[in-house]
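In the two assemblies presented below, chain A is common to both, partnered first by chain B and then by chain C.
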Partner chain A sequence: MNFYFFRDFFFSCVWEVFYPLDRKVTARIQYRVGPPWYQSFADLLKLFGKETLIPKNSSVTMFMLAPFLGMSALLVSGFILYKINLFNMPGFLGDLIVMVYLFTIPSLSLILGGFASSNPLSSLGSSREIKLLLGYELPFMLAILVPVIQTGSIRFSEIIQFQIEHGAVLYSISGSLAFIAVLLSVQAKMGLVPFDVAEAETEILSGPLTEYSGPLLGIFKLNKMLMFSILPLFVLSCFWGGFGNVNPLINILKFLTIVVIFTLIRNTNPRLRVDQALRFFWFKLSVISSIAVILALGGM
Partner chain B sequence: MDLRLKALTKSPWVFHISTGSCNNCDIELIDVLTPRYDAERFGIVLVGSIKHADVLMVTGSMNRKCIPLVKDLYQQAPKPILVIALGTCSCGRGIFRDSYNCPVNVDDVIPVDVYVPGCPPKPEAIIAGIVKGIEKLK
Partner chain C sequence: MSKNTIIPIGPYHPLQEEPEFFKLQVEGERVVGVEINIGYNHRGIEQLCEQKSYDQVTYVVERICGICSTSHPFAYVNAVEDLAKVVVPERALYIRTIIGELERIHSHLLWLGLAGHFLGYNTVFMWSWKYREIVLNIFEQISGNRNHYAMMKPGGVRRDIDKEDIPTILKGMDELETKITMLKKAIMDDPVLHARLKGVGVLTKEEAINYSALGPVARASGVKIDVRKDEPYAAYDKIDWDIIVTENGDLFDKVVVRILEKLESIKIIRQCLKKIPSGEIDAKIKEIPPGEGIGRHEAPRGEVFHYIRSDGTNSPVRHKVRAPSFMNVATNNTTVIGTNVADAVIVLAAVDPCYCCTERLYVYQDHKKVMDANELIKLSQERTEELRKKLVV
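Then we have the complex of A and B:
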């Protein structure tokens, strides 16, 4: 425990500064002025000041624990990514695999929270989230294989180093195919619009979050904000050379490009039904990722 | 003013319940969120669950079936909560005052903070109502 630890911890927490961009871009697309830049922080602060209500028949421990589970996983993954990208920390063998595991935990926390709150609509939302999880994990894992095959490493720092030396994975045919697959499955991971069946506001109130209020809801919102900054960084590290460029401006521009792509997909698509989403992931996106893997094995 | 209250005034999330309105007030409420009026400038968003709400927006003339439901909703809402009666119907039953099905006013059932009259109120009036409610909190 020293000063550096707290500095790093602080920096891995403030990734969410990029979240307000999403709402602002959304507003501009719809020809609106949109909320002020501090809106998300005001929302969080307000939620932390409100009353916490715990439903009568819920399993209280699980209900309270679920949001923190997701947050801890996200903070750990944000910490690793931040150290590797900004401070050239070598990481450890297999940190890519650890990361892939850590990214499923926020979805799991949502599922647990929904089932623990003993509300029929929450349970419905949770079961939808499980189906979605089964759907997007397959193309996601397959697509993550492509940078691993091309760079021959499961260590982030080596993947990034390889891309700095030999050009980004994205610039090959297999890389760009896998990039598309990863973008769409990450979209579902974050629960953004074409795949937001779990939280479909117009159908099942707020899905797993229906019974949450006050600080616990705030933690879930914080998870969402963290995800919105950590997952783009993950995609950037795997496919576009991370923050490896000598010019920091280009690095940030790349990062913002990925964030804006997510927002654009979110704003130009209607919500899919859960069966449509599953069919899309299994029969379309998985095929694309498999083709990408085969191409990568062939050296393209 | 403390920080919590300041944050609350910057992001009032609205939950909307219709207690037997003619649907016109509800349409006007949705109007407030369209690009022309853009209530998100003030942080106003519609939420799907009462547990997330800071403002309880009541429209309609409170018919018999709705009385226990509205009471329930008010008790489930996390405090502090602001109650706004939207439209002449919910302010004082309006043209349904003599109806067999509307025995009480909204403010006989739950405490109302702001009344927005009009049949239906204009979107500008609705935004002004929410802003007045926020001023009242301060």
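Then we have the complex of A and C:
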């Protein structure tokens, strides 16, 4: 246990601080004042102080374990990303693939939690999440291939280094196409409108989260907040040169731009039905991603 | 045969704030059956009205609905005037029309916002409720109240619309027109909304007639009914306006009808303010003769029907209220079948239901009333007590 441990721990966990931005921007779009910046954290604090209720027929271990599974995956990915971006850690071979793998775990945790709680609405939400997962993974992976092809590496630090030297992936045709595909599939990964089918409040209460309460629900909320900053950072690293610019202000601006794009998409669309979402991912976004990959192979 | 899952919507569900219960039988995500249970509210309004004097009843029926709070008084005063054969002063009729149409605008805006919320489109929710404020402010200026305006009175209206208020109302209408046109464009051009709403929850013209659907629900299905035109009252026959009818009967058309009706209401209000004559606003009814009276009003949700029977005393012997949701909620029986669960909720909400206005409860056996309001209240209190004891143990 030394200073570095605490520093790393702090930086892995601190990503949720960007979440209030979402609520504030949303409020502005909707002509509201919006909550104070600490509101999300106050909500979390309140949830952690509450009783945990476990439904009678649930499989208790899975029910309890699910939120932590998601959180651990997110913390690890947050750790890798910040290390590479802020402290120029060389990373390890294939860390990009590990990240892509880690990002499916929060969705899996949601699915497990929903099925474990043995509530018809939760099961419905979980099955929707499965369908959605099947939908967005394909365009997401294809689009991530574009920076890999362009930079010729599956190591994050090298991808960023290449972009610093040769310009961001985003500035090429294939890169911008892939960027759009990644933005939309990440939107679904984070479970935001128009792809919030799994938690559609007015349709199936909260889907997989219906039976959750207290600290366990708090962890799920925390996962959501973490995702809201870690995934934009991932997109930034893959497509826009990460935190590679000499001017840290520009880096932060880029990061916030991506965060705000997610918020804007979320506030200017109604929710899609799950079959429409699937069709959108498979027949539209996957095509765009494939075109991007082909263009990238052609060197554009 | 495979066993169907039951998805309960209600009695407490974030979809609607009122207690209602739709048992959806679901195969996968497709709805194959629906059971509608309403009747969670008992408020004893009709019974209460029979104990009040004619002037007080206006006050009571205003409380039937919080959203369309002038619809019931409007229909009620029509019924009383029908019963007493009163000629209402012209100016009062125009004021009633203005109030009724202003209410239609704010009620439809409220529904539009809620529909947005049901679709997860919270921006529409917030925006349309913000524009609703314009109407509410006008109401506050005219009547002093934002929601229960208390303008109706048998024989006339309670308050006059001041000359100084008219420019503000007109200004409000101009503002609303631009805002509603903007919303209309935003909604009609949104491809995602098209994908969600077009061809979903279709109520065919035939079914609309069979189920006796009313108001915007019927008009979206191509049934051209509107009490304001069919049996004109107030100043509706002196004004130039159209019934909005669309043909498809799907959710998208229900949205379109309601948006276009708002613009039509603005048109009516403008004409009323131009044509409004000066003079008395109250016919000052002295006494109510024995007899029967029927009053109808086209509320934002459809036709409101009031029936009054008098025996010449100070209060009605029988007062019957029928709210439009009573007819419209039943149409869910056909519209919801075959839709996706995701669509089912918005289909259920598309009739703009108002359960508290709809529900009545008496217990009859062999044409004799076996339970009245007080007994029902006692029953409910006992049940609550029982539940409380159970919860403590």
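Points to keep in mind about this one:
Here is the rule we use: the second predicted complex is superposed on the first by the 299 of 300 C-alpha atoms of A that agree within 3 Å, B and C clash if a C-alpha of one lies under 4 Å from a C-alpha of the other, contacts with A are read in each partner's own complex, and residues count from 1 in each chain.
Note that contacts are C-beta pairs under 8 Å (C-beta built on N, C-alpha and C of every residue); 3 or more make two chains touch, one makes a residue touch a chain.
Predicted, not measured: the structure shown is a model, and the values here were computed from it.
Looking at the shared chain after the overlay, A:Glu201 reaches both chain B and chain C. In the superposition on chain A, A:Leu53 makes contact with chain B only, while chain C stays out of contact range.
Applying the stated contact rule after C-alpha superposition, one finds that A:Asn269 touches chain C and leaves chain B untouched. Once the two complexes are laid over each other on the shared chain, residue contacts for A:Leu124 go to chain C alone; chain B is not touched.
In the superposition on chain A, contact of A:Val193 is made with chain C only, not with chain B. Of the two partner chains placed by the overlay, only chain C lies in contact with A:Ile29; chain B stays clear of it. Counting contacts as defined above, chain A residues 30-32, 201-202, 205 meet chain B in one complex and chain C in the other. Residues of chain C touching chain A in their complex: 5-7, 13-15, 29, 116-127, 130, 190, 192-193, 195-196, 340-345. Listed in rising order, the residues of chain A touching chain B in the complex are 23, 27, 30-36, 38-39, 42-43, 45-46, 48-53, 201-202, 205-206, 209-214, 217.
Chain B contributes residues 3-5, 7-8, 10-11, 35, 38, 40-41, 43, 47-49, 51-52, 54, 76, 78-80 to its touches with chain A in the complex.
For chain A in complex with chain C, the touching residues are 26, 29-32, 120-121, 124, 128, 193-194, 196-197, 200-205, 267-276.
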